[in-house]
Every structure is written in C-alpha cells, then in structure tokens.
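In order of appearance the chains are A, B, C and D, and numbering begins at 1 in each one.
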Amino acid sequence: MPRVMLLGQGYAASVFAWGLERIKKGLVEPWGVPLARVDFGVPIESVEVVASVDVDAGKVGRTLYEVVRGYGLEPEPELKDVVVHPGLRLRSTPSFLKTAALDDRLPLEDAVARFEELLDDARPDVVIDVTTTARAPPLHSWGEVEEGAARGALPHPQMYAYLVLKRHGVAHVNFQPAHVACSPAFVERASEVGSLVLGDDGATGATPLTADIVEHLAERGRRVLSIAQFNIGGNTDFLSLTEPDRNLAKEETKSGFLADILGYEPPHYIRPTGYLEPLGDKKFVAMHIQWISFGGFVDELIVNMRINDSPALAGYMVDLARLAYAALRAGLRGTLPEVNSFYMKRPGPLGLKRKSKILAYQELLQFVEALKRGEPAVATLRAAGR
Amino acid sequence: MPRVMLLGQGYAASVFAWGLERIKKGLVEPWGVPLARVDFGVPIESVEVVASVDVDAGKVGRTLYEVVRGYGLEPEPELKDVVVHPGLRLRSTPSFLKTAALDDRLPLEDAVARFEELLDDARPDVVIDVTTTARAPPLHSWGEVEEGAARGALPHPQMYAYLVLKRHGVAHVNFQPAHVACSPAFVERASEVGSLVLGDDGATGATPLTADIVEHLAERGRRVLSIAQFNIGGNTDFLSLTEPDRNLAKEETKSGFLADILGYEPPHYIRPTGYLEPLGDKKFVAMHIQWISFGGFVDELIVNMRINDSPALAGYMVDLARLAYAALRAGLRGTLPEVNSFYMKRPGPLGLKRKSKILAYQELLQFVEALKRGEPAVATLRAAGR
Amino acid sequence: MPRVMLLGQGYAASVFAWGLERIKKGLVEPWGVPLARVDFGVPIESVEVVASVDVDAGKVGRTLYEVVRGYGLEPEPELKDVVVHPGLRLRSTPSFLKTAALDDRLPLEDAVARFEELLDDARPDVVIDVTTTARAPPLHSWGEVEEGAARGALPHPQMYAYLVLKRHGVAHVNFQPAHVACSPAFVERASEVGSLVLGDDGATGATPLTADIVEHLAERGRRVLSIAQFNIGGNTDFLSLTEPDRNLAKEETKSGFLADILGYEPPHYIRPTGYLEPLGDKKFVAMHIQWISFGGFVDELIVNMRINDSPALAGYMVDLARLAYAALRAGLRGTLPEVNSFYMKRPGPLGLKRKSKILAYQELLQFVEALKRGEPAVATLRAAGR
Amino acid sequence: MPRVMLLGQGYAASVFAWGLERIKKGLVEPWGVPLARVDFGVPIESVEVVASVDVDAGKVGRTLYEVVRGYGLEPEPELKDVVVHPGLRLRSTPSFLKTAALDDRLPLEDAVARFEELLDDARPDVVIDVTTTARAPPLHSWGEVEEGAARGALPHPQMYAYLVLKRHGVAHVNFQPAHVACSPAFVERASEVGSLVLGDDGATGATPLTADIVEHLAERGRRVLSIAQFNIGGNTDFLSLTEPDRNLAKEETKSGFLADILGYEPPHYIRPTGYLEPLGDKKFVAMHIQWISFGGFVDELIVNMRINDSPALAGYMVDLARLAYAALRAGLRGTLPEVNSFYMKRPGPLGLKRKSKILAYQELLQFVEALKRGEPAVATLRAAGR
C-alpha cells in the first residue's frame, strides 16, 4: 500500500486527496487517471495520503478536510486525519505568500532537522512535490547538492529532493519545472540508495496536446512555419509565473519538444502569458499553428481550450504514486524514462529525447507489462537512464 | 517506374499532377508527402501520370496543362502530354455537372468497351480514383459485381474498380467514401488476379486530427461527453455533398473511428455541413469537444482550421502511387491494411478496426521496413486482410 | 402591475419565472435584463406571472415550482401558486412531444373555448409566446386569420395570437420565428382593439452579435466575402429544429439582416446546425467571416461561443413584459418597431428594415424617454408601423 | 487638394501610398476606407503624397517606388517621384534599427533645422505620423514642449508634432500611442495657430472590435467577468513592442475604454503579447470574454482573428487626410473629438470619454454632415475639446 507524502497542499494536492477518497468510496469514476483501467498490482484504492506539507500560513496546522473545504470542495471525513505540517520556504517561495514555514522562526539547520523528523515519522513510500514553480538549474554532483543545501542556496524543490534522497528506498516525484529528475546528481544518488526520482514538470494542459499535434503534422510531411501558444489562468501557479524568473523556467519546459519531434525548431512563442483572477483554476489556452502543405499551400490551425489545471495534475498524481511504488517493489532505482516521458514536460534523465505523448504512452504500456512480468533486470537497465 | 492513371481530373488530381512536376524539377520541396523522406525504392521523381479521365464537359479533350491553368496554377510544359479522356457518368455523377461522358452518347456496353480500350492502351500500374463522392454500399461477391455492372447499376467508383480488376497486376486506389477496399468482392478478386485494391476515403482534413486528439484524451482516461464537428467549403466536393445521399456516405466515414478508439461511442455530430463558394478549396472546420477530467471537472477544447483540402490529398496520392507500386512488385495482393489504416478514413478490408493515426503511422513504417527487407510471405498474409 | 401569461412553459419560461422571484427577493442581481437600470415606471419587481400554458404531458397540471425543479433549479415557494394549464397542440407541435393538450381530447371548437375561458379568468396584460418554433407565413387580413382558425389550419403561434387579439387592451409578445408581429393582419387588428403585438423571434445568441460585427465591418468600408455560422445545442428547441420545416423558418430570421446592414447580401451559410444532447441549453456557436481590407488584403475573424440560450431569452422577457405594459398604459397600439428592432431577429411590422443592434438600442432608449415624457401622439404614429 | 507628408515610411505608409495610386487608377476598390462612399468635398483621388520621412538606413534616399517594391508590392510608377528624407531618431527610436537619421551625423540643433527646411519646402496640409511606437506622457504647456525640444528630451512623435505646430494652418495626425492629441499643450497650440492635431493611436485591429462587443454586452445588461486578449505579429511594430516601455504605452491605449463603456472596470489582460516573425503583418489575435447572464448563468465568447495590420491603418490614413483637410478649410482648429473618437484608440483631447465605435461612427457622420452644411461655429466649439 503506497504511503504518499504531499509537498505543497495547493489546489492540485487538495483535488488529489479529495478525489482519491471519493474514488475509494465509489462516489466518482476514476476519470482523468491514465492507467485507471490497467492492473499492475497497485489499485487506486490502495493509495494513502499519510502526510502533507506547506508553507502557507493559511494552511499550516489545518487538516486536509479544512483545506479542501476552503477550496469549495465537499471533503470526505477521512481527510480530518491528516494535518498540514510547516515546510521550508527558503529563498524561492514567492513573495506574495504569507508564510508559516519552519525557517520563518528557526535557523535553517534546525528547520531542516524538524523536516527530517517529519520524514522519519511519516515513512512515505512516495513523496510528491507540487509546490510553487521555482527556477532551479541542473545539479551534477551530490557534493554540489550537499554544499548548496548547507548554504541554504538550493531552491525548495531541490532541497526537498535532497532531504528525501538522504533516505533509502523512497520515490521522489517532482511535478514542477525545477531540474530534479533532470539533475544527474539526484538520479545517481537515487540509484545508489535504492530510490527513485521522477519528473520534471507534469505534462498537463496544452503542452502534451501540442506535442501530439506536432507529431501528427510531422507524420504528414508538413512544414511547421510558426507556433504561438498563450496560457492564462487565475490560480496561484499563474500568479507566481508573473515573476519573470519563474516564467522563464516554465517557458523552457513548454517548447523543448519541438526540435526533438520535428527535427528542426520552428519559430515559436509558447509561454504562460498572464494572470487573470476570474479564470480561476480553469485556464484559457489559445494556440495558432501554420504549416506548408503539398505544393506550398499554407494551412492554419487554431486551438482554444478551457482546462481545469489542477484536476488534470491530480489524475497524474494517482498514477505516479502507483507506478513509483510498484517500481520500488520491483527493485527499480534511479529514474524511469518510460514513466517520465508520458507524464512529464521535461522527462528525466537530463538530455532524454522527447517524443510525442501518444508514442510515449505505447512505451509506458510496454514498461507496465514488463513490470507485471517481473523483468527487473531489463527495467533497471532502462531505469538507469541508458 | 509507377505509371499512374487518374480518375477524376478535379482540383486534387490537378494539384497532384502540377506539384509532382514541380517536385521533379526541384522547384518545390515535397512537403505534405508523408513518406517523402523514407526510401523504399520508389522515389517521388519516378512517378508518372500516363492517363487522365473525367466526365466534365469543360475538361474532356483538354490537356492537363490547360486544366491545371484553369485552376489558376502555373503548370510545367510536361503536362501538355496528357489529354483528359471521357469517362463514365452512370447514375451517380452529380446532376449539377455538365458532362461529356462516354455513356452520354453511347449505349452503356459500348461506353464500357471504350473505357477498357483506354485501360489497355495506358497500361497503368496504379489507378487512382478521386472522382466525386458517391454512396456505394459494400459488394460481397464478384458475381454481384458483374451483375450490377451489366445492369449499369453500379455507382461510378465501383464500376471503375470492377473494370480495373478485370485486369491483372494493377493497383486500384479509391480515395472516396464508396465501399471499394471495404467491399469483400473487390479484395478477394484482387487477391486472385495479383492486384491490389486500396482505400477507402482519403483521411485528410479534420478527421485524422480528431482521431489523434481522441486517442490523446483516451490515453489520459478522460471521458468524452460530446463532439461536434462542422466542415464547410467551396469546392466541388462540398457542392456535391449538399445532396443528402452523398452527405450520409461521408458522415459515416467521418465518425466511425470513435468507438474503436474510445471503447464507447460518445454523442457526436460530425459531418460536412455546407457549401460556401468564397471559401474555395480552403475549407473551414470548427470542432468542439468536452470531457470529464479527474474528480468530475469538465474541460473544453475548440479547434478551428483553414485547410487546403485538395493539396492534402495530392500529397497522399504521391505516396499511394509509390507504395502500391512497390507492393505489387513485392508480390503483395489483395489489400494492405497497414497502408489503408494511415491514409484512409474507412480503411479496408471491411470491418478492420480503426486506430489513431499516430499509431497507424508506426505500423506503416514497420510495413515499409518489411517491404524493404523483402518479407513478402508475412506481408501477403497481412495483405489478405486476416 | 403587469400580469403575465406564459405560453410554453419550457426552459426559457421556467428560468424567467424562477429568476424573477429571485430578483424580487434580492437573491440575485438583474444581470441580463437590458433595461434593468432604466426607470420608466414599471420596475422589474412589479412583474407577476399569473398563468402558464403548455401541451407537454409532463408539465400540464404541475405547478411552476415543480416544473422549475424538474429543470434542476431551486425555485422560490411563490411558484407553487401557478399551475400549468393545457394548451393547443394543433398540427404544428413537434411529433416527439408526448402531449396532454386541450385538443387531444376535445374537438377543436371546444378546446378553443376552454382556452378562451382561461384567458378571461387570468386577465393577463401581457401574453408571451415562448412555445416551440413553428413555420408560419405572414397573414394579411383578419378574415384570413379567422378562416384559418376555424379550420384549425393556423400553426399554434398564430392561433394563440388570434385568440389574444380577439380581446382588447392586451399585449401579445411572440418570441418565435412564426410571422406574428410580421403579419399585417395581427398588427392592424391590435391597432383597432387597443392592443399590441410584438415580435418576432427573440434576438439572443449569435445573430444579434453578428449584426453588430457586420455593422462594425461596414463602417470601416470592409467588403464581406463570406459568413459561415453554425449553431448546435441540446435543448428542445434544437431538437425541434432537426425537422426541416422548422429549421427553414429559423434560418430565414437569422440572416435577413445582412442586406439591410451591408447594402448587399454576401454569400453566407447561417443556420441552426444540429442537436447534440450533452450540450444542453448551453449551445455552441462557431462563426467564420472573411472580408477585403484596404488594398485587397483579406482578413479573417472566427467567433466561438458557449451561450446559455434560455437565460438570455428570459432576460428579454422581463423587459418585454415591462415595456408592453408601459406602452399599453400610454395608449400605444399596433406594434412598437423601436422595441422589436432591439429585441427581435425579424422585427415587426413586416418589411421593417433591420439595423445593427447597437443602433437599435439607441432608438430604444429614445423611445423609452418619449414614453416617460408621455408623448403618446408621436409614439402612436410610430407604433402604427409607418 | 490635400498635400500629405508621411512620417515613418514603414509598411503602413507604404501600403497607403501604393493603394492610393491604385485607387486613383481604378485598379482596386477603396475597401477599408471608412468614408469612401461619403462625399464631403475631398475625394480620395485628390489626396497626394508630397513628402516622406524615415530614419531607417535601408529606406532613406530611396524612392517610394523602391520602398514599396521592397515590401513585395507592385507599385505604380508615380511613386518614383517621392524620395524618403532622413528624419530624427532622437532617443526613442528602437535600438534594433540601423538608422540614417539627421541627428546621426549632425548636432541636434542643425538636424532640427534641416527637418524644418523640409517642412517648409514640402508645404504639407496634413502630416501623418506612423513612426514606431514610443512612450510619451502628456505635455501640458507649450513652454514645457519647447524646453523638452531644446534639450532633445522629447520622444520623436512629440518632437515631430512640435515642429509641425510651429507652423500655421497644418493638420498633424498622430497614429501612435504617444500623447499628442492627448497633450493639452499641442491642442491649445493648434487652436492658436489655426492648426489641427488629431490622434492618438489608430484604432485598428482587435481593440475597436472589442469596444463594440463590450457595448453589445453592456446593452444587454450582462456583467463582464473577465477579458483576456492576446496579440502577436511579425512586423516591426510587434518587434518594437518587445521593449517593455513601448509595450506599456500600448497596453494603456488598448484597455482604457472598458470603464468608460461598462461603467466599471472588469479584470482584464489586454496587451500586445509577442513577436513571431513568420506571422508577418497579418497578426493573430485571441480573445476570451466571460460574463454573467440572467439568473447568474455564465456565458463565454472566444474571438480569433488574422488581421492585416498595416492595410487597416492605411485605409484610415486616407480618411484622416481628407477629413483634416476639409476641417482646416472650414476653419476648424484645435482637435476634432468626433474624428478622433472613431479612428483612434485613445481619442484626444486628454480625458475625452471613450465610447463604442459604432456610436462614435454615428457622431462622425453627423460631424461630416455639419461640415458639409458649413456650420463652422458649432464645429469649432466642438473642436475646442469642450
């Protein structure tokens, strides 16, 4: 039974916890969970949230029941059992947040010690990072990681990954744009200590659809002339992306697939564009693609979407908890490219060639089959990152 | 070198002939030809148009050079060598066309004989049917075919297929919604006489994109609530689809993939909607899809396109001429599901399960690899339709 | 205080009754009521529903409270006071409806007599027809009306108008595409008996927006090349429009404004396109317009909408009840072109030139000012239909 | 006959000069010229380009014929008569431009003197500024203007306005976001010297359409919840707007109308979003609006456009040349709110309440009628800015 610890009790983590209980009780179908109907020995119902961490003063100390209600959802009573613990704000938490973090009132060293106690008490199998976007370049050696951690220089997603990977046999899943599964230091460390690090940046929203549309065009020999893609929303994630540094971190994971799929990089403008509060969590996406067809004729495609951002991610969280747990039990360690390629925008390990999501899904299915047949040797080889 | 005979010298066939010459001279890149960069022994430059047939009084007797110019394109002088021959109008040619068909002035039997003479003179390897849409249900036995032909009861696409398949070692490619590759009678006959019949209904425009978007949604476990798709254009094809019977024929090939990909058939409204002359060949498509995401949240996707209909088909015609020729030479007979699945809306043989186009493309690549390696036995088995 | 009788207790009439009570109690702002903030002596709160009529077996005999609940809305208890009376099905009610109409069980003459009793009992000031679309060409003389009524040949909207206009000092508002305010017979009769007849076809949805967009283009000297507009929805209205005759009736009111605003009629395809149940009352609209700009350059505009059809109409119903009542009290009779021009798709009287809605609104404001100042002479002149 | 001097020989000015000659020769209809069919004594054919100014090293010294050809248009030979003179780059010209400006090689004072010589030689009636966007806050006194000019501190659009208004009886038309007609100093000065200053920021593209859509919603009592509007293009204007300061200047003129039309300012995100070279001058616009309808239901509207930016402006330039000339001859001075309100995004004078464009057009027509009837007194009063 996978014990899950949530880092960042925002809307995504809240929809996840809320929806999971509702699925367990049969109140709702598990729509939006990609592998809901694939049996690999870890049913959705077996997933359990054992701990939750946040730095928001409005959440710390509350139960998940209260937090979920605060988002306007009707929670099951089971959510009263989990209380939000204070986390680490470090320097990377956005300034617009009123925090009640461990390092607000304690020296960093003591704050970190308190967080480690929590990890030891909660004994999670899978830790899922859905905190606010932070820019965090790749780290190449464990020494570099330790040194950054000691100085308090690591952004929070890398600090959390560091603390989790100090332990053994745990999976750390990073759903945000920071380089975690794309940091060689973390993947190598995970290999050494029998752990897994999965990520980076959950591929929900317009980016995975764009990858599949681009594959569709490429297979017809069409020459993409330009791609414009705008995203605007009203949740905390979009608010945080109005800070240029975070926006840049996001932009990079949103367009990196183009050259890999097409074989050339067409002119493009793809990025989170702005914050507009009344849109809430249901963001608006507009996309324009034009290409050359046979004989030089130019075609155009416009896509507009209204997408519930956090529920899409919550559905992925369910699968990642299940897959990471199954992989740990099968003895896999390091990272899982087949898993990352489907669920993530910038799949680790660093430098992994990106592919369209429909093709990635076929490899995911093969991976799950191999897992079921118990082919650890091959899979570990794969997991090592080749 | 594949010798190609065109049935229906409309805009698609004209863009094909025009573009092919321009590619041969290096005046334009072969964009829009799916396998342009895949080498299987039949280069684009080797394809040659040896004959053309139409029933339009404005085209019969003209050279391809003149016909292409009439569409506002600047043709290469090589197109002066091919003259449009009169074809068979039968009862299925739309009434708005002023015809100069063989059966306008000759009894059916004599008209058919004249057409057979043309076939014998032209000695095509590949005959490509891009005539106007006609409704034509599946035919199950060669006897049924012969009887219908004798009575003049066959719609033109089936009559043409019949006359081609009376010969040996020829490939007949049907790009329209009539049941040809989805008529067991034609596939069986082709198997017997060392020929191929490929089709039905070229998968250009919004339908193949919809198939891939639906696959994308299915892989994420999203529940599709409804799909609306409108198509409107100003070319002869759209004009002909204002006749209810033809429209019905088209509607069926446009939505048949839903249940195969999703496992259920969501409520949908997918059909060619109307004729609007100023849109010309560049049709306008609007599509709305809504689905249930994790936790019951509803997302929406809107797609709008301006697509040059005929050039998209022309690019496919290039590949079909090449693939059919290569397959004939490799001894394949009957039909080629791997080819049909990618290029066609209702891939033959009858009852073949439809799949998303991105997955079909992978199987097409494998088929082409097998063809290159010369694995005729396996391929013939496949080609038989299983 | 305007006493309102509703003909057709469908979703529009139900949202109207439900919303009106909620506005009266201050539970909701009067958004969607065009003149909500314009004071002309008849406040929204003064409008009262005194009777309701339908032919649907599932509604007849129920209270408005029950009917509104059946639509998933939470009604105020006041709606328990109004019971749905059976109406007249005649030959024009759609066949898919299971009816409990007066003429289901009574000879037409008796059925009509029963309906007239209801009118006499309810003593409405304003009767609002929001029944299902019926095709009904203009009627030119009262004799023609009487003769058609006697034979049972009138479609239901004209039969209802006839029965209302047999009385004196009542306003009949026709929100559907039948020719009522565009029947000279009804307007003349209303003039004679001190009544009003307003209509036809409520201008909600995409049509009024299109009128304003077209005005916008015309004012810039742009030449409209083509307009395509698709509408699809899942309410009873869309279901009824799948019957070709009703669809035709609708199509005509949806595009008649083009030549009046532009001075020429551009090629267009504008019509209700289909029925798709899961869209419910929130229809999907897609529109494409292209035009010539300075120097011959071609621009394109695409509009997509999700519009709650019935609430938009319900907001208009509030104003029409108020305006009709105020006009009756001011002694106006016949019809009110200034009112019709803004609220209706084919504003009466027959042959009235259509204009953009933004301009119509300015004239509506002037009309309301004149009404307030009590300038009946001028207004009556106007009302006569010129 | 209006003698026109162009400041900024970019694509807009080039399409203007090219199209004007083609209209004169009857080669093209005057589509895109709002008042093309309104006769007020200054026919389109009478407009003449007598001088042109730019700072782009690739244009200075070339004839309009050469510049127009450089944009891929086929110019009439008459354009050989006008040579592009060097202008003033000052500090506000974008850094990505390679310049050949007067102040590149001369001290500012001498450069200015040379420019004034040009003005004196060319004797324009109307000077039209279509230079690159510059941020330029309002100037309140002529002293302030003179002092800024002497120091070289004025951005180029204000410097040009200053130099034009040192003369008498000239109209200066500012099509860019700088405060010129919205600078009290310039309007007052124009009043004193018998000149006119018109502007600011030509209302082409999505902004005027948005104003009319918002008016449309307001008139129906709908409550606008949010507006998102993205603009992306590939012309020099979009390139220049990637500089944050220019972008800010533009953003302000694009959304200022909301509160004036609605009576409240809804949350919005409206701004030029990015530069994407392959889109060229035909920008892509995406807009999302949501609002509350009757009863609290929420509707949504999405608009997508492909708009040729410069031709739209060129059509306005034709009218402004005609209107400014007619107004000068009628003795009007200062500014013309009725003209500005229709053609401009931030119509002068400063603080003028903005209205929807359809309403502004009605006032424009009335103004033109008054002009024709020769009612200078009233018009001058209006022109003074009230």
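Everything that follows uses one rule, which is that a residue touches a chain if its C-beta (ideal position, glycine included) is under 8 Å from a C-beta of that chain, and two chains touch if they have at least 3 such contacts.
On a predicted model such as this, the values are computed, not experimentally measured, just so you know.
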| Through how few touching steps can chain B be joined to chain D? | 2
| remark: Per the touch definition, the chains contacting both chain A and chain D are none
| field | Of B-C and C-D, whichever chain pair has more C-beta contact pairs | value | C-D
| query | Just how far, in Å, is the C-alpha centre of chain C from the one of chain A? | reply | 51
| So, what's the distance in Å between the C-alpha centres of chain D and chain C? | 43
| In angstrom, rounded to a whole number, how far apart do the mean CA points of chain B and chain C lie? | 47
| field | Touching two or more other chains - residue numbers and ranges from chain A | value | 300, 302, 304, 306
| query | Among the chains present, which pairs are found to touch? | reply | A-B, A-D, B-C, C-D
| query | For chain B, which residues count as touching chain C in their complex? | reply | 225-226, 228, 230, 232, 267-269, 273-279, 284, 286, 288, 290, 300, 302, 304, 306
| In the complex, chain B residues that touch chain A | 15, 18-19, 22, 28-37, 208-209, 212-213, 215-216, 219-223, 282, 291-308, 311-312, 314-315, 318, 356-359, 361-362
